[in-house]
Amino acid sequence: ATKKTSDLKLASDWPYPFHGNPFGPGAVGGAWWFVYEPFAYYIPQTGQYIPRLAEKWTINGSKLTVYLRKNAKWSDGRAFTAQDVVNTVAFIQAMWQWPYEIQTVRAINPNTVEFTLWKDAPTSFMHTILTDGAMGSLVPYHVYSKWYGQARQVAELGKKIFYDTQSGKTVSDETKKQYEKLSSALRDQVNKFSPYKTLKRMPVVGAYEPTKIIQSEMVLSKNKYHWLANKNTTERVVFRRWSSNEFVWASLVSGELDAAHPNMPKDVVEQLKFINPNLNVKTVSDLSEIALIFNFNNKLFKDLNLRKAIAYVIDKNKVKDVSVWQANPAGQYYTGVLSSMQSKWVNSATLSKMTKYTTSAASAENILKKAGYTKKDNQWYTPSNEPVEFVLSVYGPHNDWVLAAREVVQQLNKFGFKVEMKLIPDGMRDQVMRSGEYECAIEFGSAWWGYPHPMTGYARLYQWDIANITAFPSKEKFNTPWGEYSPFDLVEELRVNINNSKKATEIIQKLAYITNEYLPVVPLFEKVLPIYYSSARLTGWPSAQDGRWSLAPGGIERLYNLLITEGVLKAK
Amino acid sequence: MNSSVLELKNVSKIYSIGLFNKVKKLALDDVSLNIKKGEKIAIIGESGMGKSTLAKIMCDLETPSKGEVYWFGENLSKLNSKEYKKMRIKVQYVHQDPYASLHPSKDIFSILKDPILFNRICERHEVKEKVEELLELVGLTPTNYFLNKYPHHLSGGGRQRLAIARALSVNPEILVADEPISMIDMSLRASIIKLLKDINSKLNISIILILHDIGAAKYFAEGDGKLIVIYGGKIVEFGSCDEIINNPKHPYTRVLISSTAVPDPELSKRKIVEELKSYEPPKRTPESQECPFIHACNYSKDICLKGPGLEKVNDLHFVSCHRYKELPNWKLFN
Amino acid sequence: MMKALLKVENLSAHYIVKEGTIKAANNINLEIAENSVTAVVGESASGKSTLIEAITMSLPPNGRISSGKVFYKDNDILKSDYEHLRKIRWTEIAYVPQAAQQSLNPTMKVIDHFVDTVKSHNIKWSNHEIRERASELLKLVRLEPGTVLDSFPNQLSGGMKQRVLIALALLFDPKILILDEPTSALDVITQAHIVKLLKEIKKNRDITIIFITHDIAIAAELADYIVVIYGGHVIEKADTIKIFKEPKHPYTKGLINSIMSILSKDDEPKGIKGDPPSLLNPPPGCKFHPRCQFASEICKKEVPDLIKLDDSSKVACFLYKSAGGDVDE
Amino acid sequence: MKFILNRLIYLLFVLFIAISGIFFLINKMPGDPAYGLAVSISQQRNMDINKALEIAHQMMGIDTGEPLFIRYVKFLNQFIRGNIGYSTYYQTTVNEIVAKSLPWTLLVVFISILISFIIGVYLGAFSAQKRGRAVDISISFVSSIIQAIPPFVLAVLILFVGAIKLRIIPLGGAYPVDMEPSLSMDFIISVIKHAIGPIVAISIPQIAVWTLAMRGNTPQIMEEDYIRFAMIRGVKDSTIARKYIRNNAILPLVASLAIAFGYMLGGNTLVESIFNYPGIGFYFGKAIALRDYGLLTGLFSLIVVGVIIATFLAEIIYSLIDPRVKVK
Amino acid sequence: MSELRINLTKGISLFKYNKKAFIGFIIILFYVLMAIFGRYIVPLSLESNFSERYLAPSLKHPFGTDYFGIDIFAQIVNGARTVIGLSMTSSFFAVLIGTILGILRGYLTGKIGQLVDAIISIFLVIPSFPALLIMAAIFADSNLNMVQISLIVALWLWAPLAKQVSAQVMSIKSKEFIEASKMLNMPLYYIVFKDIFPLVAPYILVNFAMQLKGAMEFTIGLMFLGLAKFDSTHWGIMLNYALYQAGALYTPRAFHYPFFIILNIILLIYGGIIFAQGLEETFNPKLRGHE
């Protein structure tokens, strides 16, 4: 039997991040963006929104009004309406205790929904509502209507508790207990109901519906009711299980994948391109940087001089070479703004005030000597005459990190620090990091996931993950040319003023200065996604300059979905 | 003088064997026995009849399933460990297989020295002397030649002598030897029996010798020795050796005697050997009531279904057979 | 003396081991008369089995025949090729080796041993015929064919196994039946029974029997002729009556003297002093001289020849002078 | 019967202790099964990881507050009912995962053992017969070398050569997604094709094991008296080799066979992961990496049960074939 | 009876008779010497030089260079220390535990014997590699020293040996010379150490050589899992870099990279295997056949 080869073949792991229909066993994993659709896609490189489920939207203070696409349909042919959006929000608020930032959601008419944000919600949350695939199309009302009332009840109660807690009011145990009771009752029922099993299908609003899942492969079939169905010529998307990088390399060589984004050593890339000349590669910033992070509870690293010395010693280019050779090496300034975006956010006047970290052992030595460190037999000692000696932890399963760590260790040892390396075993990264059982480590430094803006990165450095992990005293005030500021407060201020670009830029200058001078982390390189795509069976891959590639970080399938639904990418 | 050194009272032994431990085997059936100091006793019977079991129970290497064992008048099961330890070395056992009963990687000196030292038989500096004395006693001479040899340097007979020497090293009063000659060359067997006889007369040690060769038993127990014939775990005939050999009463004893080869080609042609009804060993279970020999015996009757007890023929002779009086007169040759 | 069916000339065999060579059979000369029973007697490790194995060409892999001839029906067996040998084995010469207890394949039923043997000799008997024949033979050795044929070896007792082997040996009515220690692992009563059985076989069939024993008393009961082996040498051979009446060689005398018999009266049996010789480093001269009370200087240096004393007896000892003056063959 | 019963009770006791041990060991493992989900939530929603973890716990139904002992009692209670656990990651019962994956593992293990046993026994017997000659020396040399190769290296090499260089075996999976499981020829062929990689990877070291075992066993058998007696009887060499030598040399291996089978149930993690083959081992590897305690405990216990059953069978087989234990 | 003819004295003149044991011994000795002295002879520079990666074997780099441009030969020689050290100590502990518990199980009867038997059975039925993985996860952060790590590895290696030893001891225990010792009032320690131990010693020695393989595999695993301090010259880690990180299989010019690592691993384990085989043949003459 000859089969039409209008398949897109990809690799992914599942059931990440959710289980099939989010409320029932099954699996979608990497199929997420094919199956669910956000109201719009956002192209970080151009700052453009591409409308998807929404035709347009308006923002009015804390109100977001979304006008739904009239021809959007579920894959079982039912129309997609505002009621589905209302239902979805109720369900995810009930089941996931999130996003409570949405205080109310209302169906104004079948094609219009109105979101009202909670008073304390950051305005950036509008962006999240628009671009997050979970917000509108997760829970078909016609399938889950039976539980709508219950979900609503749980969601309202949850919101109430959340708002009360946030505003410092105490919540009675009774309320909490009732909430527990209601929510677990709902959870049980919904989890038991698995559309994939009960209905033998899972109605979705996205361009593809998962139709078959086995351990090694997953098939998505085209939703023929999708609003772009007649442009889309790709009948199926087939995912192979991404079990290991080598596995993906092998599949790329043998042409069993149309696109994938594994890390690949330079020689392997050359070899694969040689064997399979149809293979192209496009590297996109992953909107994150890999950094050396410190545990500030460790006396050693409290000393800024040592951190600065380390920043000088490390040869970023070399690290990048052995780790992810395609990556952008960290620039000469460690501003917390990704180096590929630095020119856009940090102005030259600010840069000129800052320390420039060109690799130089001499500078490092100077700093240390000035600070009272001494060197004997190629080993540095602190002013209190203890050897500078520490362990660098790195998460074992992340190959590129391990390679980077190895190189860093080697360089620091050569300089005269005594550094040992330690692998964090599979599954243990979170545990080790959060418990602070490390001295220094390789981790994501600044990262712009979700909302591609410096604010996201600074929040990570000074308020959330990194701040928590490293115990960097971000609430303390640090000296800047503009006065003393606490970075924690600066981030808060930035969040409030995010839509005021002048004010925001001013704050960013201060944060950049503090980050560069006080080194909460030492960036090593900016991570990139190398996307390997094959033109053997498909045509229409965008040119290398096309801004749409920048959709890839945090959901590379968005890019593929956009390209095939619009009929740009199709079988030869 | 004639004190009892070892006594068995109604001893039985039951083994559980087989895949499911289901098969119960009666290896010894209600055996009573009283051995006096300095006595010589030969126990004979075929393979699997319970000889070794009996010997091991006598030496407390097996515990009886029923009945009691007395050493020097003391019930073994009632002794505390200290008393037991003291008595333990007074009863020694010589194994059948001199290849397995000697540690393969110890030299002769340490084989003999260790038990002497551990049991404080003599002072440390006298040990060598004592060892040489023992070697001399068992005929491993010149002693110097043997001291640092290993068991594998010795012939079977030599090993058996060594095993006897080891048993004697702790000055026992009872020596039980389980078929000590069966793995030894023909030409050396007699001398081992002779050695045991000499030990008995020289050291006044009671010796219980287990054999399946009735000729050797006769050689050993002739004169003042006793003979026990055992079949299917039961004593079938018991008494003075000469008496039994010359006038066996039990049908089994008779078959046993007539079956032994006679080293005389002419006589042997005239020897009368009875055909048995069966050549299989008896299958005895704890429930067995019948005479163990019933299945093979040419004289068995219904009365034999209920086992006979040991009956007195005369002061020196006991037999366990309902029909011993009705048997034809004993003669070995036509 | 009747015509010799099997004639062994100057046969020597040795084993190769790490420490050197073991000369287990040395310059052996034998004649086996048709329809006679010959017992080969000697103590353990004297080379009895080796002699038989050499004659039947069934030495273990490290055994070698260094010289000699073995004539069977005027053909030298040692020169025949393997296939020929395989064919006359069992059909003409059946040899039951020493370890009867382990000589049956534990994974095969008794009947299959018969079947394999028949099939290997390309004899066109149907399975049914083989079974008939096997039953017949088992009855002869007083075994119950019904149960025994379908038993596995470990379900049989030692005596039964020995009898199975004898039945198996009679499968093709061989001319010569060689038995290595057929009774030594058995109890007296079973032993007597097997002896009786062999006597019957000898009486009722045209068969020449050679058997090995270390118990010279058994030989007395069964054999026509006795060959005494010591240290790998034949030291005496004679007919049974003569050997018991007047043993010649000091060793034979000692051997007979060490029998502990129920008949012995005053003359105490006494064993032979000393240990059997090592065949790896044998003493020079007569192998028996270290244990011999009559040993003279010459015994320590030279190996005595086997000399003929009269028609039926030969001895290898310097105490004797050849009757006919000539050395045996 | 009493023996079997005793043995059974004893093994159940061992099972109980082993499983309890496993439970506590696994629950002592640091790490959080919800971490992966939390990371992806926090990335996609631009959210603090701690908050994300809380949500992830909620979503996965993980109650972090429950005391370990209570969980243990619950686990045992369910285990006795044949419900060996719940996978937080796959959000389904372990039984369901086992039902999906065990058949594949059994398929691979069964075929591997069969193939390797047959080949190994033949090679070993052959080698033993040619003892000392060039063939024998090379066979035992190669077998020893194979045993020296770390298993994962072997698997990676087989995958690389078979799937990438020669392209004769598919890259992972048990069957292509386009096929419906059925008894059709096409499906069976494709299943076999997919299983080849793991089978070869498991079989090669196993062949070496059996070869060496058989080769080591045979000389002892060759020395047995019944072999010599058969030769003396004039039995043909081929019959001797087959019925007398090989059949007896195999016997002691048969018991090991059962044990090997038991161990292989769990010993395939590496191979199945490398070949992306959806058997027990694959999920076991996943369970460890993901800290899916429920899945881990369930699978681990299952493997232990397998080993115990195999041991038990081996004991019975052994007592059946060992003449010394046999009752008349 | 024949099992007992094992003779320790044979061990001394062992090499004269057994080529295999000799070769195996030489191989192991070679690596042990490498582990002890290698780093004084072959200096190691871990400085990466990306542009010199995958240089083919030459006089300067006997095994070529790796993905980082570092000399492979130097890394192998210097890494021998961790590899050999860890596996030897692990084997040692495994053998120690196995022997002690095996003898206990074999010798003791009654409740304690059964208890020991149960312990052995439990460790036998728990698959060792996964268990080790879990142990590794548990102890990953405890900064264990080499001895502790070896103990953790040994914990999952000893059980089969204990079983073998206990079987041996049980058969020796029922031997007549033990019975004789008991009758002669010999104390327990005498029976265990003077009577039994010398006879199980050869089995233990054989097992020690065999354990090397298991210990090697386990310790390689442990490094990945972070239980052992990371040593980038550990052969297992090197191999992991070669196969997974650097994708050397996919790069024709990098053939030598995994090749030499695998070669050394195989050679070392092979040494252990044939040493054990040789010992076994020597102590159990039946295995030798007729040669």
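Going by the order they are written in, the chains are A, B, C, D and E; count residues from 1 in each one.
The rule is simple: contacts are C-beta pairs under 8 Å (C-beta built on N, C-alpha and C of every residue); 3 or more make two chains touch, one makes a residue touch a chain.
Which chain is which protein? Per UniProt: B = Oligopeptide transport ATP-binding protein OppF (TC 3.A.1.5.1); C = Oligopeptide transport ATP-binding protein OppD (TC 3.A.1.5.1); D = (GlcNAc)2 ABC transporter, permease component 1.
Because the structure is a prediction, the values reported are computed rather than measured.
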Exercise. Treat touching chains as neighbours and tell me the shortest step distance from chain B to chain C.
Key: 1
Quiz item: Which chains contact both chain C and chain E?
Solution: B, D
Quiz item: What is the distance, in whole Å, between the centres of chain B and chain D, each centre taken as the mean of its C-alpha atoms?
Solution: 55
Practice problem: Find the geometric centre of each of chain D and chain E from their Cα atoms only, then give the gap between the two centres in Å, rounded to an integer. | Solution: 23
Self-check item: Whole-Å gap separating chain A and chain C, where each centre is the average of the chain's CA atoms
Solution: 92
Exercise. Going through chain D residue by residue, note those that touch at least 2 other chains and give them in order.
Key: 30-31, 156, 160, 164, 288, 326
Practice problem: Find every residue in chain E that makes contact with two or more other chains and list them. | Solution: 137, 140-141, 243, 249-250, 290
Quiz prompt | Per-residue multi-chain contacts in chain C, two or more chains | solution = 60
Quiz item: Hey, which residues of chain B end up touching chain E in the complex?
Solution: 59, 61, 85, 88-89, 91-93, 95, 97, 99-106, 114-115, 118-119, 152, 163, 166-167, 169-170
Quiz prompt | Complex interface listing, chain D residues touching chain A | solution = 30-32, 35-50, 53-55, 58-59, 61, 89-92, 100-101, 156, 159-160, 163-164, 167, 171-178, 273-274, 276-278, 282, 288-291
Practice problem: Going by the contact rule at the top, pick out the chain A residues touching chain E in the complex. | Solution: 244-246, 249, 253, 264-265, 267-268, 271-272, 318, 321-322, 325, 396, 399, 402-403, 406-407, 410, 413-414, 420-428, 432, 437
Quiz prompt | Parts of chain A lying in touch with chain D, wherever the complex brings them together | solution = 15-19, 25, 27, 95-99, 124, 128, 132, 187, 191, 212, 214-219, 238, 240-241, 243-244, 246-247, 250-251, 253-254, 256, 397, 426-431, 434, 447, 449-451, 456, 463-465, 468, 554-555
Quiz prompt | Complex interface listing, chain B residues touching chain C | solution = 46-47, 154-158, 185-194, 212-216, 218-219, 245, 255-268, 271, 273, 276, 279-281
